[in-house]
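Here come two complexes built around subunit A, the first alongside subunit B, the second alongside subunit C.
After this line comes the complex of A and B, so read on.
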């Protein structure tokens, strides 16, 4: 490895191999499988064309899974974003002990989802802490606990997710707040603008790219919600999500690899469309500046 | 200097912050508390500050239960994957920053594209691939696919670009080989970026569930999160043991969190600042 060119090639080898073996190949393989009736332990398979996709459209389980995924994404992301911004604003100014608050708010984000899900399974159970709090404010908790009720299970998991991730996005908002030049606020002060006006005219518009970035990465993550469903409800009580459906059809019950792969591609396309739209929004905003 | 109304205001702010802090850390405190309770005792609501304290549950899990093995697996897999990422992300990030021919540009595009691909959609082909390659239910399945990651490459590339190439050129003049330049000159300079990368990779790997779960089946190969999720499936298990197991998974993270908070925070914000 003496010429720079061969050095560059050797150095890029680990990533190149990972890219081909563990990203490109699975993506292509999965796409092809989606048009077959391939299953575990059945050696020969048939090409079935679009029939997996047609079946998916009519499968009530898949439709429910997509609906639950959308409820999850649409329900959590606005709340997470707003709460994260609020927390960032609360701890952005210099005051004693703010490091402790920042660390404390962020702590849940570095904890394992399995652990968090187990703790909340306990907190949400019949007679648990959350039920007690609900009774304290005059609400009657579900009879068998929050996770054993179709009306509350998914929303309880969503609330936990918001709780867990706000600290992470708070840190990103803090970086965005730090990047806003102080001179802008000073100029606004001189021009006689109040705090609220400054927030609306400087902070919010300048944070828009950061907020959109947060929404993009959070939606890519949230569309794939799985672990908390697996640990807390096993998809029961109307909580099965798209990845849970893929897992369940492909690797837990029927081992229908072809069918599950087709479902994965439907989810892939949905996520891709969402990301492209969000990026377009991001771009347009930048062009306006 | 401090006006009375300013004092009142900051008092209200601290009160609000303290309440939020309580909400954010309470579940973890509750986990630790339950983990220290006797199995027979009720885990009633009033028990946060009163009742028994025992380490029995931890001893049970690490001894007779196979959580000791899971802990060992998590450490082993986490360390291997972290070391792999330090070396391989560094190699790739460096070459992307320094050599700008067409192949490298394509590689950089691939890094960005993969960054956006939702990994969970490939669980089926991953499972089949590992099965056919004979790697299913081995340590290789837990390590090999995760040895280099796009975010890490991105981090290193950004960092190397901020280092002037004069030191490498000087070393090259002195007749040092490329490998020597890479490992003895550039790598030490990248230590801050590599620390950020290492902690991020380790945490992600330590906490990951779906891939380790679908790629293994024997108890001897389960990592901590997988072992915990499966422990919960057992009918006989009680909350005291479950929470002790959870604490075993959290304590190492907590220690690293306290020691390396700066690196963790810059890992989170590295991607955002680029925006």
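After this line comes the complex of A and C, so read on.
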């Protein structure tokens, strides 16, 4: 018992038990549940095989939720990544008060999503500041507010999400920029390379691992978007995403745990495939450089 | 000396144990408002005084997640003895055997209360009506006068109501005839169903076999609702509509008695008119819902829990509770005769409307059906705009649900 191995085991036990109880067990249990017709209020349940998965494929609500999720992911990831990189480049310059800017850009990412969602719900309402801004630049805002229109609701939430996330990713890019040796830029300057050339030949390639990390992490987060949808639209006006669908099926309306579990695993597979593809694409380019 | 002290302590403990409550029952309820909670606590204390062998453990729920908590409690076998349930939930819990059927003793005075049909599923009664709620038509007298109506004008039918709403809507910029709810979950259908029922439409055939949501009468009701929405509607959340109404910017809204409480608490200066839902013939039908007290089937203290339900729902306690809540109507007919209700013209409107109101079907799948109805209304108002098609889609969804 006093051997280092035993001590290590004892010390790892709380973490190990937590992992098994609250991660592995639910993971396996929900996977098995996805093959049953288990409903929360019903004591008995049956093994239904792939029936839940077949039903999901034909469910127009699930397909709409997946479509909205893809729009969200594809719409936010590139914008967030590019804006975060731009901000990181800006605040990495040596100008007075840059600390304030860094803190200011980072602040939304440490603020509660619920609080931000409520603030933006107000901003997006009819006659709100966003509508006023739109009118100022000659655009006509949606009649009942940005969140009450099928054409703008999802995009408005996406814009809020980008605003909220860029600060966090900016910080990661900033760390990546700091890690690039100054000697490379000095050598490039001696060789006569301009700022743009330096950015294309040094900064971008060396930031690629950081960018890969950001894209993958942000994709996983975006595929799981829920809180902002729940707070701002409750999935109305074509904003229901995959996780909102899972919540709605499992906890809000139908209490179909089996069906919701199957939907969760479909999302899991999609995220896994998406992440693998991202890794493959970005790594291949890295090899070329 | 030490022995004497020990003996005294033992006697005290034994004596104390003798007067302690022999059973503790748990009651989950939703009234957390600081203006109402003390009344709930006072009623519980009085109950405990009258029943010294029973102790009540009170747990507060919120409307945001109370339903989920109840569902999980039933699923995990940890349900409390007594639960406050919304009328829409009773069948959902009863069908799976989570609620105890009320005994004949509990139903002995049933004629003295309204709302039993909302708690009756497949011929069995599962909860006691506590408070009832409906929606009435509120209007702004000043806007009606500006639109050219006499000072005692009340729309006698839907046609007059529609005309008045349109006239008010034409009074000028930022003045609207009608407060139209946006796609708010669990709210929109409560606004549409009064129009639906007033038009004589039904959700199901009389034998309850088929959904007839897409009937001509239903389509007419949705067309009228859409016409008001499109022509003179101020579209916002319920709260937003009420704000605009109290600011004098909306002529008509369909709302509950909580609006009266807001006017009183916020000292709003509005020339308020409350009237029954207008119909083709006056009056029309409104939406009826309520709060019920139910007994969990798994409770091991059913007799004590039933006593608590009887005490809380007694006419005196209902009247007392409703006075404190200022946004609830008693289910007790005797309590409805209380001077508090008789002396208030607006509360009288609510009492009258309750008698003319209709509740949704008591069906375990009602929450899903409600979603389908809301989607149809949303689609007609904010989406395709096609009334008949939207109702047909909802009908197909409901039929599918019932087949499951």
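The rule is simple: the second predicted complex is superposed on the first by the 279 of 289 C-alpha atoms of A that agree within 3 Å, B and C clash if a C-alpha of one lies under 4 Å from a C-alpha of the other, contacts with A are read in each partner's own complex, and residues count from 1 in each chain.
Criterion: a residue touches a chain if its C-beta (ideal position, glycine included) is under 8 Å from a C-beta of that chain, and two chains touch if they have at least 3 such contacts.
Note that the structure is a prediction, hence the values are computed from the model and not measured.
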Next item on the list: Could you say whether A:265 touches subunit B, subunit C, both of them, or neither, answering first, second, both or neither?
Entry: first
Next item on the list: Considering only the touch criterion stated at the top, classify A:70 as touching first (subunit B), second (subunit C), both, or neither.
Entry: neither
Item checked: Touched partner set for A:185, first subunit B, second subunit C, both or neither -> neither
Notebook entry, point to check: If you stack the two complexes on chain A, which partner ends up touching A:237: first (subunit B), second (subunit C), both, or neither?
Noted result: second
Next item on the list: Using the touch criterion from the header, give the chain among subunit B and subunit C with more contacted residues in subunit A.
Entry: B
Note to self: For A:251, using the defined touch cut-off, is the partner it touches subunit B, subunit C, both, or neither? Pick first, second, both or neither.
What the structure shows: both
Note to self: A:148 in the overlay: touching subunit B, subunit C, both, or neither? Say first, second, both or neither.
What the structure shows: second
Checklist line | Which of subunit B and subunit C A:43 touches, first, second, both or neither | finding: second
Item checked: Doubly contacted subunit A residues - partners subunit C and subunit B -> 251
Next item on the list: Sort out for me which residues of subunit A touch subunit B in the complex.
Entry: 1-2, 4-5, 7-9, 11-12, 14-16, 18-19, 21-23, 25-27, 29-30, 33, 87, 90-91, 95, 97, 100-101, 103-108, 110-116, 118-123, 129, 132, 163, 167-168, 171-172, 174-176, 179, 209-210, 213-214, 217, 220, 223-224, 226-227, 230-231, 243, 246-247, 250-251, 257, 260-261, 264-265, 267-268, 271, 275
Checklist line | Partner subunit C, residues of subunit A touching it in the complex | finding: 40-43, 125-126, 143-145, 148-150, 234, 236-237, 251-255
Next item on the list: Spell out the residues on subunit B that touch subunit A in their complex, using ranges where they run on.
Entry: 10, 13-14, 16-17, 20-21, 23-25, 27-28, 30-31, 34, 43, 45, 87-88, 91-92, 94-96, 98-99, 101, 103-104, 107, 110-111, 114, 116-129, 145, 147-148, 153, 177-179, 182, 203, 206-207, 209-210, 214, 224-226, 228-229, 232, 239, 242-243, 246, 249-250, 253, 257, 261, 264-265, 268-269, 271-273, 275
Checklist line | Touching residues (chain side subunit C, partner subunit A) in the complex | finding: 68, 71-72, 74-75, 92-93, 96, 98, 182-185, 235-236, 240, 367-368, 371, 378, 382-383
